[in-house]
Amino acid sequence: MGISSVKKDYLYRLAKEGKRPDGRAFNEYRPIKIERGVINMAEGSARVSIGHTTVLAGIKMDIGEPYPDTPEEGAMSTAVELIPLASPDFESGPPRADAIELSRVVDRGIRESKFIQLEKLCIEPGEKVWIVFIDIHVLDYDGNLFDACSLAASAALMNAKIPNERFEMGEDVPMPLSDPPVSCTFVKYNGAIVVDPSLDEDEAAEARHTIAVDKKGDIRAMQKGLSGSFTVEEIKNNINNARIISKDIRKILEG
Amino acid sequence: MGISSVKKDYLYRLAKEGKRPDGRAFNEYRPIKIERGVINMAEGSARVSIGHTTVLAGIKMDIGEPYPDTPEEGAMSTAVELIPLASPDFESGPPRADAIELSRVVDRGIRESKFIQLEKLCIEPGEKVWIVFIDIHVLDYDGNLFDACSLAASAALMNAKIPNERFEMGEDVPMPLSDPPVSCTFVKYNGAIVVDPSLDEDEAAEARHTIAVDKKGDIRAMQKGLSGSFTVEEIKNNINNARIISKDIRKILEG
Amino acid sequence: MGISSVKKDYLYRLAKEGKRPDGRAFNEYRPIKIERGVINMAEGSARVSIGHTTVLAGIKMDIGEPYPDTPEEGAMSTAVELIPLASPDFESGPPRADAIELSRVVDRGIRESKFIQLEKLCIEPGEKVWIVFIDIHVLDYDGNLFDACSLAASAALMNAKIPNERFEMGEDVPMPLSDPPVSCTFVKYNGAIVVDPSLDEDEAAEARHTIAVDKKGDIRAMQKGLSGSFTVEEIKNNINNARIISKDIRKILEG
Amino acid sequence: MELIKDGKRIDGRAPDELRPIKIEAGPLYRADGSCYLEWGGNKIMAAVYGPKEAIPRHIQDSTKAVINARYNMASFSVEDRKRPGPDRRSQEISKITAEALENVILTEMFPRAVIDVNIEVLDADAGTRCAGITAAAVALADAGIPMRDIPVACAAGKVDGVVVLDLLGDEDKKGDADLPVAIAPRSEEILLLQMDGHMTVEEFDEALELALKGCREISKLQKEALLKKYKTFEEE
Amino acid sequence: MELIKDGKRIDGRAPDELRPIKIEAGPLYRADGSCYLEWGGNKIMAAVYGPKEAIPRHIQDSTKAVINARYNMASFSVEDRKRPGPDRRSQEISKITAEALENVILTEMFPRAVIDVNIEVLDADAGTRCAGITAAAVALADAGIPMRDIPVACAAGKVDGVVVLDLLGDEDKKGDADLPVAIAPRSEEILLLQMDGHMTVEEFDEALELALKGCREISKLQKEALLKKYKTFEEE
Amino acid sequence: MELIKDGKRIDGRAPDELRPIKIEAGPLYRADGSCYLEWGGNKIMAAVYGPKEAIPRHIQDSTKAVINARYNMASFSVEDRKRPGPDRRSQEISKITAEALENVILTEMFPRAVIDVNIEVLDADAGTRCAGITAAAVALADAGIPMRDIPVACAAGKVDGVVVLDLLGDEDKKGDADLPVAIAPRSEEILLLQMDGHMTVEEFDEALELALKGCREISKLQKEALLKKYKTFEEE
């Protein structure tokens, strides 16, 4: 972790001129690629690339007890693994605060948009429900994990089937879903705010803002991170930009 | 941890003159303050101060299975948390040997005096019993945690109700209790033995002796700690002093 | 860990002359001693010495659920504890890779030779089976733990009874067993391959080869370890030697 | 369960009304700075230690102090006993709390140092992360840590379709959205902002404005608490 | 379930036939070297970082580089979800993988360094340890780590009493024996060898020979994958 | 269950009678000092390593050696298998054992060093902490660690209202009180003392006196065991 001061100065200088190191405009996203159904053993899976960043999400399901306060709903759990394969800065061992924040923000986007219809994952009220495990492996880290992981999770869920056969409960059926959230992340450095940060921009970032937008353009979850600040105006601008940009991402996701 | 040698010398010199740094006599306790029912969410609670030392005990109850060898008794568990809020010497992370010894000594005082009438906490023999969790947070550490934690645990239990309502089992009823134990701790440094050590005295201590006395003056639990030693005569003196001092503490506790 | 280069040179020089530091021939095992039934609390136990290496295996049994894929079979679990009592190089804390490899190789020898008749440890199919815990404490480490632990595990199992009485299920009966595996370990250093390595030889070893042989002389499990290599010819030689040597060890074990 | 009835909330508050708040600066004897805060059903103790040398060395930053925040819920602070030790939720809150506080602390003045900020939730009734940051800010000021402003936090949200200030427990559980915000009150820069639930952009704008209003009110209480402590000092 | 019928295996292979194998060198952007391998139903990604200074210092070896291999199964790579983090099986495989790779790497060239070898099993269908070593070897070569040979691994085994090459999942579960082998292909020295099950000495000899045959075939595929990457480079 | 009948205990002992004790000094080959102890149904192995440099450095004390005691129960030493690794009970016993031993060891002679004392309970039948300290003391002497005395430990207790020496398992479980004591036998200073149960002051005084009597008897056995080992050496 940690960007050299030379590189940081370079980014700062470019930012003042309205430029980014890879030539993108401040509101320009990198190319997105989604491959679905890449893991045989998983109930659903997707490999998502945003530029050189690649993450792989796999869905597994199991039968368990519901939470006491939602006896008629299935449960979900989201875990992002920052495995050392993906970056020289990731370490093995229990997840650190970075990975926990990331997992929880991805989880909230899915949960708060009610993307998984958990009420349809009840088998016996109060006794047996489906538990959906969303596990996300980062394979290549070149910036903007928040959006990549969120997108992979959604695509994998859209690829998933309920494994009734494996549990001798009839035929497999598609995962009951509503509209997916789309996550859009901005970072701020030296006064500039850019969408979809590359690795260098992630490392130079003073503040980060992730917005999960639903199909109607409403907000479902949000997270401001890092020690820098945003003005109220900047927050509102980010939201407007996220609503616009997320439409393109949604087309790729739903395509 | 660790006291400066200058301060230690000062304590040693005072001790030879029969004095303590805060002017107390060797057998003099600091003022005790008990506030009860300070936590809404807890089944019972108490904040106890001994001088500047402040600890907060909260009681929570849950329903679980009894231990196989006591199928008709509830269970209890005591945990002291030495949270870093309370002292620059406390660290976060799993409890170290210090906190474990402290928890276990407090637990033994309550358990061996049969303060909680565990046989009255059975719901269905062999199946369902109440489990009493005594959690003690140290908020301000200025010496003598053994007595402060023990006192807070007893006061919180005396403030506790069995939460029948929350578990849809009728009305809340008081915790079934007998007489509380009273813990009295002595430390020895440079030949002097003093009750209710202040922080400096705790840090200068060579040996520690904690005695849990019941209402009749009988002994219910005892713990000698640290690498120093006591003579048989000193042990007996401590016990006699504990029997006298504990009467005053008991008044405050039962008051 | 780590052998001095002086000692290593000495071992290397001896090896070239076909000699070992303790005067043994390359295919010569150290004396083996087995004491059975040494632990009252265990269902079965054995203390095994190979030279100065001493390990103690104890068997405990409990009732639990079977694995879903073997509903009519008992379960077994093997754990070797490299407790710091046995060597200045062993540390307390969770088992490191060394101890895990050792445990798993001992486990495979027993499991793959079907030494424990797990199908006879079923109490109620799919519901209740016996679980056999094989716990091995290394007491004195002077080389060749793979064979010592394997031998102790087998001897302890042969000494074990199913504790029906303790679980109020009738009388104790002997553990249902078939023929035990015999483990034979070779190490290679400076071109020489020796059986039953002493501590110095373990520390000088470049490659290790453990072979579990059954009564008929068939192979039941094998593990090559360390960063050195063996030729195909060497592997075959080791197997032949293991088949011969294991006959003598088997006599001691079954004696 | 109706959360809003005749324009009033379940505890009788108006939509833009805060719960009662009591702030005490410096209640602890050992800590370098401390704060006890009661905010509705929440009871929070915060303590600050430092700046002191960061140990072990590999956590040191040669250019500034490291802020080590620890948000912790007491086992007895919630309805179902919480197991001691950090869970994933508290680790996330600790992280974003440290980041929010770092913004205002003049960390460059203390290279290689650490400032420990301990936040203990003793009794919980929704809004504990905002209460924790608010208390920690007072504890930092009480410890004399140089800051360019005293941060303050407050949540807004949406219940029964109405945008409201400062959710209590049942509103948080059954409501539509929650929006905790922390700001540096002088510049009104946003130091922490999270949202979950469902809000239109218009609702969000309204909720954010409400949260800022809450922050402004609480900021005054923070300053009064600090003033009161120093007055007491002077009077002594 | 019959595992061999009319001389054919459940997936139609002959006893001495490998499953289809696809090797791609260098698919990852960040890693110093990488390899993606599909082998029957297995999907493996391997990445190499280093040599770089070993930290913390107490893990350094003053005479050579330390090989730090980490074999990890993704939670979703198996039928019943695996809990994240290393279990005992993966710790054993990581250890013997590191030992096998250390054999061929010229570690003496990099005292005090560490070479990290990460093997992620993304989809599993028996033989993942051999697939992992095979992929890791390509990733090491792709990273330009100096090696005296490129190791390769393959298992043989016994099913329904017949010695066969390269077991798939059901053969592994219901078969009689499994024999994973890794070699340095030039000298055919054995770097890794494990066996469990039941084999006579004659069967073992046959199985070992079959595993070596498999290794030789896969070794060619490894070299083709590396060549292909370098050709692509030159063409660019 | 009656624990005392006709003045005899369930194993036939008189109230002031010890269980049979066998002490062997130096049974282990690798350890710097060791002791094997059988005491009634207890079987204990103790081993001492050191003094040696304390690593990592931050555990060093610049004025004296650190005593690192580890009391551990083997999984198979109790009726219901114990999970491996330290539980809270064994951590407490390890701590008070280290403190008791530190008292007599001339730790000032070895600044920055550590002395490791390992106590393994192989078979347990009440009184293992006293047995462990007694064995550790012999192991320390066997290792040649300079001590001002050889500590010794023994418990007294109360069963069926009678004060007795050296409780066995059933007496411990169903008895009224337990009082483990460790002393430095020359001065009879008390190094360790714990009590749980219910005793009047008079009963306590009687029990303490009984425990001291037990300690005195066992101290003789410790010295005989050490003497026997050195005699054997001389004879060789």
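Which chain is which? They are A, B, C, D, E and F, in the order written, and residues in each are numbered from 1.
In this text, contacts are C-beta pairs under 8 Å (C-beta built on N, C-alpha and C of every residue); 3 or more make two chains touch, one makes a residue touch a chain.
What you see is a predicted model; the values in this text were computed from it and never measured.
Between subunit E and subunit F, the least number of touching-chain steps is 2. In terms of the stated touch criterion, subunit C and subunit D have no partners in common.
Chain centres here are means of the Cα atoms, and by that rule the chain farthest away from subunit D is C. The greatest centre-to-centre distance from subunit F, using averaged C-alpha positions, is reached by A.
Note on chain placement: the centre of subunit A and the centre of subunit F lie 58 Å apart, centres being C-alpha means. Subunit B and subunit F have Cα centroids lying 27 Å from one another. For the pair subunit C and subunit F, the distance between C-alpha centroids works out to 32 Å. Touching of two or more other chains is recorded for no residue of subunit F. Shared interface positions of subunit A, i.e. residues touching 2 or more other chains, are not present. If you draw each protein chain as a dot and join the dots that touch, you get one closed loop, with every dot joined to exactly two others.
Read around the assembly ring beginning with subunit B and moving next to subunit D, the chains appear as B, D, A, E, C, F. Those residues of subunit A lying in contact with subunit E across their complex are 38-43, 45, 52, 54, 56, 58-60, 62, 79, 81, 83-88, 92, 94, 133, 135, 137, 139-142, 166.
Of all residues in subunit A, only 97-98, 100-101, 103-104, 108, 111-113, 209, 214, 217-232, 235-236, 239-240, 243 touch subunit D in the complex they form. Within the complex, the subunit D residues that touch subunit B are 28-31, 41, 43, 45-47, 49, 52, 70, 72, 74-81, 84-86, 116, 118, 120, 122-125.
Note for the complex: subunit D touches subunit A at residues 88-89, 91-92, 94-96, 99-100, 102-103, 179, 184, 187-201, 204-205, 208, 212.
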